[in-house]
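Just below sit the structures, each encoded as structure tokens.
In the two complexes below, chain A is the common chain; its partner is chain B in one and chain C in the other.
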Partner chain A sequence: MSWDFISNLLLASVRMATPLIFLSLAELYSQRAGLVHIGLEGLAAIGSLVGFLVSLITGSPMLGVLAGALAGILVNMIFAYATISLCAEQIVYGMAINIFAPALAAFIYRVYFGAGSTLVQVTLMNNLSTTLGITSDNFLLKLLLDQTPMVYLAYALVIFTAIYFNKTKSGLNYKAVGEYPKAAATLGINVIGVKYIACIICGALAGMGGAFLTTCYSNTYVDGNVAGRGFIALAAVIFGRWSGGGVLLACLFFGFCDALQIRLQVGSFGVPYQFFQMIPYIATVVVLALIGMKKAGPKGAGKPYLREDR
Partner chain B sequence: MDAFLRMEHVSKRFGDFYANRDINFSVRRGEVHTLLGENGAGKSTLMNVLIGLYQPTEGTIYLDGKKVRIDSPAQAVKLGIGMVHQHFMLVEAMTVFENIILGDRNTRGIFIDREARTKEIQALSARYGLEVELDKPITEISVGAQQRVEILKALYRGAELLILDEPSAALTDLEVEGLFDIMRKLTGEGKSIIFISHKMREVLRISDRITILRAGRTVCTVDRTETNGEELANLMIGRELAPSHYEKITEPGEPVVSLEKVDYHKESKHNGLCGVSLSVGRREIVGIAGVDGNGQSQLAQVVTGVLTPDAGEVDLKGSRVAQFTPNGFILESVSHIPEDRNKMGLIGDMSVKENIVLKSTDTPQFSSARGFHLKKRAIRDYAEQMREKYDIRCTSVEQEARNLSGGNQQKVILARELEGQPDLLVAVHPTRGLDIGATRFVHDTMIDAREKGCGVLLISADFDEILEVSDRIVVMFEGQVMGVFSGKEPPIQEISLAMAGK
Partner chain C sequence: MMKKLFALLLSLAMVLSLAACSSGTADTDAAATAPTEAPASEPVADADPTEAPAEAPTDEAKEFKVAMICDSSISDGGWGMSCYNAMVDAAAEYGWTTEVSDMIAQSAYYETIVTYCDLGYDLIYAPGNQYTDAVLQAAEEYPEVAFALLNGGTSTPEQAVNGNVTSLLPDAQQVGWIAGALAGLMTETGTIAFIGGMELDTTVGKYNGYAEAAAYVGEQAGKTVTTLDVVYSGDFSASDKGIEFAKAMIDQGADVFFGDASAVDSGARQAIDEANAASGSVSIYDIAQPSDLLGQNECIICSQVTDNASLVGLCMEAVENGTFGGEVIYGTLQNGVLSAGAISDLVPAEIQEQYLAYLDQMIEGTFMQ
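Then we have the complex of A and B:
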């Protein structure tokens, strides 16, 4: 195995981990407020389509990402209203989002481009190195500079999240809502408000994660391009023990698995490529099996919060 | 002396039901004021009004002479009212420190200033003797320590008036002493305390004044120095402790169930049994008296086959029980009125009629081919009969059981458990939360069952209930039998001593 292979693999891991980081953080903010959201797959799908369309129309991938975030928030408000205000079952509504949103994305795509049209492509977001005009073959420089701004944003968000939940008063209150909403309410914390904010953050991050796929990763939109990342993100949150840093490590691990499988597909003959494609998913199953027995997530997650009733 | 808190003519109505009616209540600075009353007397409702969870239908609240409106818990906190709930409001995944500063609005800044906050908390805890380990997670500290955290939490928010809702219920004797020391320190510093309890001994020890509530109204407020336990009990119940309505039986039939040195988790003082021997005969009601949480639940579950004892023998109608399964006991015609009717007694989402036949769906009366096909008509007719006989008030037998009032829910259970003439009835808190009429009905039904030859094991935390219907009284304390007394002219003094473990 050459150094080239390894360095490329590591670079790719970081790239692959980025959408997962966005999606996992989305899940983390949701669960920390007591909302288990299995609908990230759907939110990411709509984010990726809207991101694609807007960057095609405006020519700006940045605006595309922003629009993806807004679309994610919009769709997630359905989940928010149903689960928070109507106290509906979170799993059912998460699933509903998973069925509804990708279909909506596919529908909009067909309406906009017509059936059987040729593949439309957009320009991708520039790497920082291209913007700065630096080219180098040095591994470290490549790792640091050969990335889109979205990658930096993802890592900045991880750091922010870690600080927010561990060091700030607001973060502590936020966590209390996910742990024991009734106790939080008796201390004057606005439980319903925090939960809605959680849904806005979750929708925005998931939408951005989806938009990353069509503005930074691949220059086209195809149905199913989220490819289970929404569910891997769910695993990453559990694997990462509901903390910012843990989630980052989990995402890098899954990103590594993804990068590895692509490289193995290219580099080997005689083995059906589907076997390699399974690697990230098998890793997810194995990791969850190993870690699942010690569940330590927010105590109030999954349960609706009903205000004092008699 | 001037009152710190005054509640005047406060009423709270739910639909047609007044949970509080024209309540007058005041608390002075530096006093422990006890709210005394039976379950359902309106204590919790009144406190929920005070901490802003409920809006009063009528009436006004004055704090420090000024009229105030308390429309949210946050507002109550701002006004200096703090409550320690019976079920602690602590986030288990967080540390003591984090729980105390949670929701803090008094300090500026985005970040948690650990050092400064720690100093403040330590100053408070030193001042009132509230020892806590700030860095420990809640799950690793004792119940007594958790309570101290709750008190600190309230004080940290600047509480001048502290509501303690049955604070001693979960504490050991030593911890109760500690709590009382803290309460005295707090009142010594000018804080006021509302103490809610129905443990007479504690009330008499710690209170300065006592307000008695009955059926949603204030009966009166008395000074501790001018009253005694007997008077309080009478005021609370609303009558002189009347002699029992029922004739007591002194010579029961052969035993239906007998326990011989039964152990269950015997190291656990509050949730275990230690060498329990007792028997219930035919035509006899044996009342188990004792403060809640001294092994009564476990006893009930052993004699209904839910729990398997660790040691000892249980005989049912003369034959030794080899296997403890609920179904095995049901087949031996043991009936059970469980302590929590919503969790164990009924299936709330199912209709009244379905709940009534729940135990006998396999019988030819209600189904063909052992439950394969239900005879809907027969079930309906039978349920209508039971509705008549047990006076179950519901819109129809198709109504969901959860929508019935507590008393009517209990009647559904009685109909299911007592029809078909059981040999043994195990009734746990059968009248908890019921009004007087429903309570009387339950008692009459139990006496009826006794007359028909059923043995009844009655477990109740309501001492009056035990005195009212028991032919024999067994006192339990920390999982052990402390004494057996006659139900006819019971020696109250001795029984209450036994209940306290003496």
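Then we have the complex of A and C:
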């Protein structure tokens, strides 16, 4: 196995992990406020479409990302109102978002482009190396510079999240809402307000994750391009033990497994391709077994909060 | 009040979801001017679909309808787009109304088909071998509906108990030959690549034809041409997988690509264009299929073209005549269904000449003899 193979594999892992990081952070912020959100796939789908359309119309991928975030927030307000104000079942509404949002994205696409079948392509966000005019075959330089600003943002958000939840009073208050909201309320924390803020952050990050796919990764929009990443993000939060650093490692691990199966398929080695396609799933089972099922998540996650409830 | 409003909003959301499940109607203008004369000939297996369509149906009141199902997007810039356009073109020619459901999951193949059957569609057009089981099941339950299975098996029509299934079968080996011959001539590294969506018989046939034609042509030119092992993305919409596969294959030295994976191919072309841009010259190429996509991406040097519209048109003609079903309609270079599209200026003139000579050999049946 050559160094070229390993370095290209690592670069591909970073590429494939980035949308997962946005989605996993979205889930982390949601669960830390006591909201289990399984609708990330839907939020990312609408973010992907809106990001693509705005990027196409304005010619600015950055505006596309912002619009994708806004779209994610708007759609997630359905989830927020239903689960926070109406105390509805979070899993059910998460699934409703997963059905509704991709269909809405497909609907908007058809309305905008009609029933035509022309492949529409947009200009992708430039890598930092392109912006700076630096070209190099050095692995470290490629790893550090051959990335879009969104990649740096993803890693910056991980660092911010780790500090926020562990080192700030506001972050501890936020976590308290997800752990035991009634106790948090007795301390004067606005539980409902925090939960709504969590939904805004979750929607924005999930929308950005989706928009990343069409503004930084692939220059076309295809229905279904989120391809299960919303569910992988759910697993990444559990693997990452509900912490910023853990989530990052989990996402890199999933990205690595997917990149590995692709590179091994190409390398062939005389092994049936189905074996390589199994790698991400086998790795998931193995890691789950190693980490164990010890509950480490917010204790109030998934439970509706009724202020008058005893 | 707020709860009622919210319930109303959710209801609206569900309606929108349902509306989006169907991908819109491409009602052809020609539907309003349906042909009126009786057809002149019956469709026959291995007929020449390039001939002008036979004349029109006798029943002026009858409005024929065709529905297409597709598991990839019809705006994928590849397979889905081409098949959809084929249906629309054929419908325009024969005066049919069209409908399409794309991006449908495997678990929804059958349900989508029978929904169209219940809605009174005359012809169900399923462009892919993967729909065989769903088509056969629906064909048994709806004997009055015609089913056209593009890339269906040679024995599939026999398996339909009501005789209402026709396989449209472009010759997969010849499809591979058309791309492989050019790949063999154009490769400078001696390594070429193929990306598949799923391991279908037709995909394997195309890969084998591609590899053997490239090796043969390379040998004639005094070079060894190796095709990397076929890879499969597992679905047809993961353009990101196409990007990653192409990057990995370029790292392995591949400099000519061909594929059978819909939007995945579009992703591969994006990665090839990026690699060419990074190197400052176009030295990695792609051969598109199944329609002429020259100009869509800078890296495309030619396309393998399948005239699916003619094949679908033959089915429409047979439905109008009441003679549909139970046959295999082949698409070959010889009957004009298969061909090579326009060739890019990136292909030197002498190579273009050699390539056209090989195409002639394929038509004459002397290629690789």
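By our rule, the second predicted complex is superposed on the first by the 284 of 310 C-alpha atoms of A that agree within 3 Å, B and C clash if a C-alpha of one lies under 4 Å from a C-alpha of the other, contacts with A are read in each partner's own complex, and residues count from 1 in each chain.
We take it that contacts are C-beta pairs under 8 Å (C-beta built on N, C-alpha and C of every residue); 3 or more make two chains touch, one makes a residue touch a chain.
These figures come from a predicted structure and were not determined experimentally.
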item	value
Combined model on chain A: chain C and chain B, fit or clash	fit
Partner chain(s) touched by A:Thr135 [first = chain B, second = chain C, both, neither]	second
When both partners are placed on the shared chain, which of chain B and chain C touches more of chain A	C
Touched partner set for A:Lys167, first chain B, second chain C, both or neither	first
Vertex chain A; arms to chain B and chain C (CA centroids, nearest 10 degrees)	130
Touched partner set for A:Lys182, first chain B, second chain C, both or neither	first
Chain B and chain C, minimum CA distance [Å, superposed model]	22
Residues of chain B touching chain A in the complex	14, 48, 51, 53-54, 72-74, 77, 83, 85, 89-94, 98, 101-105, 107, 109-112, 153, 157
Complex interface listing, chain A residues touching chain B	167-170, 172-173, 175-176, 179-180, 182-189, 296, 298-299, 308, 310
Interface residues, chain A side, partner chain C - complex	4-5, 8, 12, 15-16, 78, 81-82, 86, 96, 99-100, 103-107, 109-110, 113-121, 135, 213, 217-220, 222-225, 227, 259, 262-263, 265-268, 273, 277
Partner chain A, residues of chain C touching it in the complex	3, 6, 9-10, 13-14, 16-21, 23-26, 72-78, 80-81, 84-85, 100, 102-103, 199, 228-232, 234-235, 237-241, 243-245, 247-249, 251-252, 263, 266-267, 270, 278, 296
